[in-house]
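Each of the next two complexes has chain A plus one more chain, namely chain B in the first and chain C in the second.
And now, the complex of A and B:
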């Protein structure tokens, strides 16, 4: 078990290293000269050269990369060209909004997806099962910003129940979370349904029934508990998809977070902020997956690691 | 002059015809998703290919009567069936031409992912060892990035254009394909027919591409169909973030994104492109899911 954790950690370090290399290469591939962006179009070549030197851009690429990783290890993600402040503090200012929104979206998809999965598994091959399956397919095929737009139109404009976007508390969170919930729930509904159908065919379920346990007890104590394992895995690992979705939700609902930070940075070609956000979210995904994998060692005794 | 065919062959022909019809009905009943999905995809391709003939107007033309006297978009009427947008262009024509961007990006990006993913998956699964570890770590790196954020960074750096958008989406969409192909190869490579090929001295390339590849193709085709739908949504997402295919080229993503600014006074600008996206993506998802049920009856997702 310990060797599994060590190996898993080793793999995560390799992946983190790869991520830093990818962001470095992309940032280097930018056609625009960062020094020129900082000093403006009118500055003399001498000043541009001076700034290039200050930024270390006149050094060989491998040296630049080593400096880049060294700074990353010290939590230095670079300095924004536009705000002229550390990217890390910009991310720090915006991360709260994104975390709040992401948690709300994540809960919404579980709250919609899990009960539907349990319900349809018990009514497999009935019309309601087919109807939910069809709806699930539509949910997966929906374009998140469009659904958000439609919900805003219906429930914030036509029926002014919710605010027309913006950052805020519960009232501001409901429509964005619902938007993400509707599109994301289908994955959980399908997964839970197929996993419940599989568990329902297991011997221990038959044993539970044979010893006279009530149907409610069989379903809740035996089937749902076991069928939830793959669902929990996906719910824990799918943070990358969640973050991508949340970026779109932020732009659609005018929510202040990392996604809107990155989008603003793109319109201003603020490369350090763009790359800093991408790197930060990727690292977040790796660490989160690592955490889920390691927690599993303790949670699920059936999984053997050797 | 008698045109009557010998009695026997007439009934035979009719019966054969009825037989084909019946077989078709049976197969549609059996695989409704595949047929519905193929139908939607077919219509989509026809619309994209024949856009210049199908669209009533030039999608970039700004009509003088396309705006109300106070400069507002015109609601759907007999001239502009889906109304006009905020600069007086015909929404229906933009919708028809917009199918081109979606299909191009969806299909070409999938093609790139398919080539990279299948090749790396085959190599990784077949050779194992260090090569396998290196390729799988590479896959982990690609899969670690939140899809949209990395695409966003890539397109921002490459400059937005149809080509750069599908390259950016394609070069990072191969992770799942590589993993699936690798898994299939691991399952297939110890089978007797692979051993037999090796025993008669077939080259590695032959074993990989002529023997193993055809046997792992089922799940790849399913993934490819689903990935076209996913990529269409990714392209639209980039447009909403302002780095998709640039105006005035009409794209459904751009149109949805314009709708965000105009839904309060011109809701028709929001309904059309979103519905088109939904139907197109649904088509590819139906096709992918339906094919999965055929290739792998164990993982029935429906019913």
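And now, the complex of A and C:
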């Protein structure tokens, strides 16, 4: 168990190095000279060269990369050209909002998706199963900003139950989470349904019935737990990608988070902020996957000794 | 002797593409108290379907009719809740695949405990102690540790022992064992059969032993029912059937196993295959493979006929003369 976690941690460190390399390369792929961006178009070439030197941009690439990693290891993500502030503090200001929103969206997907999956699996091939599956398909094909606008119009404007966007608490979270939940739940519904149908055909389910267990007991004690194993994997990957993927939701609902920070940075070519947000979200994804791997061990005991 | 189970006219139909096809067709047999009855036949003859029908464990898309009498009741007619009290308590079952028959995410103790909880109301320490005791009884070493193991930590033979412990947890009157040793290697097979014989003797448990192996029947059973294409074609005491088999199918099966006594002749498997549900031959279902098939065989299905008390055969060769030929 412990060695399993240590191995997973080791793998995560390797991945993190890879990510640092990729973000470093991204910075050089951006078709702009950071020094010129900082000093402005009118500055003399001498001043530009001076700034280049200060930034270390006149050194060979491998040296620059080593410096970059060295600074990263000390928690230094660079300084924003636009805000003239450490990127780490900028991220620090915005991360809370994004995590809150992402977790709310994720929970909404699970809260809508999992019960529907269990429900449709138990009524597979009935009209209610077909109806839910069709609705799920509609949900999956809706465009997030569009659905967001519709929900805002209905439940914030026409029927002013919720605020018209903005950052805040539960009341501000419900509509964005619902938007994401409606578009994302179908993945879980389908996955869990097919997983449950597969588990329902397993020999150990027949064993449980042969013991005299009721249908309720069979479903909850034997089927659901086994059927959730693939769902946990997907849910883990999902929360990781959600942290970077809530951008559309942040923009639609005017929510202050990492996504809006990154979109602003891109439009302003604020390279350290772009690099910082990309790196940071990648690290989060890796960490969440690690968390899922560890969580897995508790759900599926077979993994422990692999 | 009193009958534990009496199956009368059991019939099972499966729905395939909007039509129903019989997989088990009008079978009759009974099991006496303390007796082990063998149910033999090639793969696909309807043995598992018969056992699942008795337990009412067949899924939707299945029609089951006839009677399964147990304790003065027809199990096919009682409410679901009453049937659940019988499953795992009065009648329990073990299966062919020990590797997949246990829940991979539950500890062994939990899985044995479930039966104890459902039928005896035992929980916590009492259930755990009882589970350890059961593990010891089925010959599992280090039972105090195994009770906390997960199935994947045990070998196939050990898992089948655990299945037997679960099945015996509530001291059932009847144990249905569907090819319990088919998936195991020969030495383990012998151990599991020994265990079942011992438990049956110590607890007076009757066994319905399903197998395709007549060697197992010879070793374990007092009586045997031979099944072919959803029908019982011959049944009677094991000794009698091994000495004087009457049905051409039984004779074919016996010729295809190595005999310990007689000369070591070459094995002659029966040619051809068990027909599928959708291609049941008219008349006697064995006719396409039978070396003695006559016109009447292909025209009309024979009825079971008693050749000796307690020995029935379903074959035109043994029908009263005026009906046959």
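The rule we apply is simple: the second predicted complex is superposed on the first by the 284 of 306 C-alpha atoms of A that agree within 3 Å, B and C clash if a C-alpha of one lies under 4 Å from a C-alpha of the other, contacts with A are read in each partner's own complex, and residues count from 1 in each chain.
Going forward, a residue touches a chain if its C-beta (ideal position, glycine included) is under 8 Å from a C-beta of that chain, and two chains touch if they have at least 3 such contacts.
The model shown is predicted, which means the values in this text are computed figures rather than measured ones.
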{"item": "Partner chain(s) touched by A:115 [first = chain B, second = chain C, both, neither]", "value": "neither"}
{"item": "Which superposed partner A:163 touches (first chain B, second chain C, both, neither)", "value": "neither"}
{"item": "First, second, both or neither for A:204, with chain B first and chain C second", "value": "second"}
{"item": "Contacts of A:86 with chain B and chain C, given as first, second, both or neither", "value": "neither"}
{"item": "Chain A residues touched - chain C or chain B, whichever exceeds", "value": "B"}
{"item": "Which of chain B and chain C A:212 touches, first, second, both or neither", "value": "second"}
{"item": "Of all residues in chain A, those that touch chain B in their complex", "value": "11, 14-15, 18-19, 22-23, 26-27, 29-31, 124-125, 129-130, 133, 137-138, 140-147, 149-150, 152-153, 157, 190, 194, 240-241, 243-244, 247-248, 251-252, 262-263, 266-267, 269, 271, 274-275, 277-278, 281-282, 285-286, 289"}
{"item": "Residue ranges of chain A touching chain C (in the complex, touch as defined)", "value": "202-204, 206-214, 221-222, 225-226, 299-302, 305"}
{"item": "Chain B residues touching chain A - in the complex, by the definition given at the top", "value": "137-138, 140-141, 143-150, 152-154, 156-159, 229, 233, 236-237, 240-243, 253, 256-257, 259-260, 263-264, 267, 270, 273-274, 277-278, 281-282, 285-286, 289, 299-303"}
{"item": "Sites on chain C touched by chain A in the complex", "value": "55, 57, 84-89, 92-93, 95, 97, 100-106, 114-115, 118-119, 150, 152-153, 163, 166"}
